[in-house]
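As written, the chain order gives the labels A, B, C, D and E, with residue 1 at the start of each chain.
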């Protein structure tokens, strides 16, 4: 029991710290790729602390509730992951959070927010099947949906599930809101629907969404690290390389539209997953 | 998703300028567009009643901060023609050099903003990084980064020393090298092509009918460039308009990208041929009668009409800027396109709202 | 596949383009049109600058012997400097600093004739 | 400046002829001659040559819009409606004098003696 | 200590909103130039958010005219406290060369309270950076009047009781 409480507490403290740090590193790396200096590494924390202390302006109560719900769902998902729970349960909790975010955006009247919410739903639609397929792949290999079992698995999963890992990379690009998939919202407001999904979240509620996003990022990166769970070095290296690739992709592509995204994510992701699953089965 | 109305602007990060488009959208496909203007209207033409015709040079420079030099040049040409002033040959070459520098910075600015409109942030940063070199040149030679205030009626206020000419040539070499490196990312990238090819198509006939000008017209395959008129020193230099056939955003992008090299080439030619001598003619008397002048700006043809009756103040000054002529064609391009294509198509005409409304 | 790749990698491994202003300040170009200055000692209060100024931001008060300039309305075009016959006006290469309130620069002119 | 002087009723026909000959519509210029009469210039371009049609009109005799022939003229005709208080019947996209100026402003700033022109288009 | 961290973060994370009133584009492109590699104001944590609800700093360029004055007021109203308004360029300060034009109301301070004035035509990027940094001084002085989420709960409690 004490152990569990300790794990929960440690996760709840470490995840946002790590998430913020990754986001800060991301911004510096992006700036370097663009020949800029970029912000200090702790910039995301400054942003969030500032937002928490801004005047709370809420469009409606529903949106406030959704911001809390999104943050809680993301937190629960990460905590469940840390406890080595069922992978499907974790993914489901996280998806619930994502839906709350969309519902909050839908509850406003701003057209940008509505279009953003609409697109976010389509994005969820395009990556959720892939996430489930990843879970299925892990199950076929390890014989269990339990994260704890996956962690204890003897050989690196990446060697058996390379294509599924690529599909997971696709999901990561969508979830990190990187080009070419930064459709519903993006880090900088330079898009046709400005901040889209996040248009009407402001002040402290935007901060909650941001912290929730950090939890989401941690969850996905942790999922990535499962593919090399045998050694700490392997884990960190794999995550670092994956994230670096995401940052580079962000900087070498233009933003696409949602029709293209839907087609591409499904065609590419499903092909990769199915090829991998068949390959597993045949051997 | 049912039919809904999306207001685009007047405050929008993709379009720094306040134009307001009321988009009627069904399932993210544009059905109808109604523009609303007037957010930048200052009534600048009316100032001709309170500023004399020399001071109007500084006023028309501020019609648009991006092509300031060309506005002033066109106005000066117009008044000079009315007063029968012959500008010295050196001034004609210097005006060409500064106006091509202006075009260079404007096109680089546009290439960056255009890349930003389809979310290619690193490309945007790259073009603006190159652009700073041109801005430095403008600042070092003309004294201001943006408003290149060198024109007076009769010629110029500033001269280029031989060292400055050499600096310009050296820096332009570097600009050219860096621009060559960006050809592939800009014109050969899959995602860029996907976002620009086949978007906002306008045929040559339709473009002419809607009165469109500049790179927008040349992107539709019509070889019309006001520089062919041979104003200032353009008549002495080798010059061919850059034309692309397809009439979509991609070909407009290509036209502007190729015009960057054309400007560099024109500056080099001018530097070789530039004669020594005076830079300004003596201005006596006051303008009388009517005058017209046209100049090719980065965005297309600008049209000046001046009417004077021998007084210190001009009777009427009329400015028709290139974006003003390109708005009708923009309205024809948008319906049927996706919401995500709106910034791309709007920027593909290189809108300058402050020009449009004055 | 990704033609932008060489460009961003070059950026990553080469020096950043940023001029770190502040703390680092770049030497301004020699002929930049910055803040307007009136030397005062050679000014004859002729008022040509006030007449020529397209923005009409200069007020020459002959009675009180002051030359006033509104830096918030000035467009830094340099017409006044070009038209100044005595060379009393000049433009510093540095631009005028940001301020938190409205201000008007007023220079008390001591005319040569009076001092003699 | 070469300009062909025409009467207001010849205008649309002349524009249609211009269009048939392949002229591009450049722009229009309006100048206030005195309190009530205005000079309208229609500029066209073909092969870099400008041709101009000139006509004189007054506030009470509106000139027909040429947007049916050259749609591109809608913007400039709206502008002239705003700034000079003239009216162009048949305008394809009529902003009703609110292209640049707000509804509550009813005087045309470019008219001679603009203060006396208030409420001319209030009908 | 909490207050100090808050204030520190406010100064280090100013998000800006840029509104072009009726500027000639000169100052606007200089504002955008500030975001690009050579000036890179993201060094100070500044992001151009383009959404008044997210912004801390309002950068206004250009003179106010009758039509955009409503837009400007609206944007200013939407921005949550604490906020700073910075007027950039001669036109935004006083109307510049256009202040006698019939459709120009005047400088930004005729419509909303301006905290920092950046002179210039067009204001150079260095001057804009100076202006923004001067504007941040205001955040340093502000006391912590807005208590974020806690504030809402307290309000709800008082309403119930």
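Basically, a residue touches a chain if its C-beta (ideal position, glycine included) is under 8 Å from a C-beta of that chain, and two chains touch if they have at least 3 such contacts.
The structure displayed is predicted, hence computed values, not measured ones.
Counting hops only between chains that touch, chain A reaches chain E in a minimum of 1. A count of C-beta contacts for the chain pairs B-C and A-C puts B-C on top. When chain centres are defined as mean Cα coordinates, A lies farthest from chain D.
Work out the mean CA point of chain A and of chain B, and you get 43 Å between them. Each chain gets a centre from the mean of its Cα atoms; for chain B and chain E, those two points are 29 Å apart. Distance between chain centres (mean CA atoms), chain A to chain D: 58 Å.
Chain D and chain E, compared by their mean Cα positions, are separated by 41 Å. Across the assembly, chain E contributes 36-38, 40, 43, 48-50, 67, 96-97, 100, 102-103, 121, 124 as residues in contact with two or more other chains. Across the assembly, chain A contributes residues 33-37, 188-190, 194, 251-253 that each touch 2 or more other chains. Counting only residues that touch two or more partner chains, chain D has 100-102, 109. Here the touching chains pair up as A-B, A-C, A-E, B-C, B-D, B-E, C-E, D-E.
Within the complex, the chain B residues that touch chain A are 1, 4-8, 12-14, 28, 115-116, 118-123, 125-126, 129, 185, 189, 191-192, 194-195, 338-343. Touching chain C in their complex are the following residues of chain B: 51, 54-59, 61-62, 120, 122-123, 126, 129, 132, 136, 139-141, 143-144, 147, 149, 157-158, 181-182, 184-185, 188-190.
Those residues of chain B whose C-beta lies close enough to touch chain E in the complex are 10-13, 16-18, 38-44, 46-47, 50, 58-59, 62-66, 68, 109, 112-113, 124-125, 128-129, 131-132, 135, 144-147, 352, 354, 357.
Partner chain E is touched in their complex by these residues of chain D: 100-102, 105, 109.
Residues of chain C touching chain B in their complex: 1-4, 6-8, 11, 17, 29-33, 52-55, 75-79, 82, 91.
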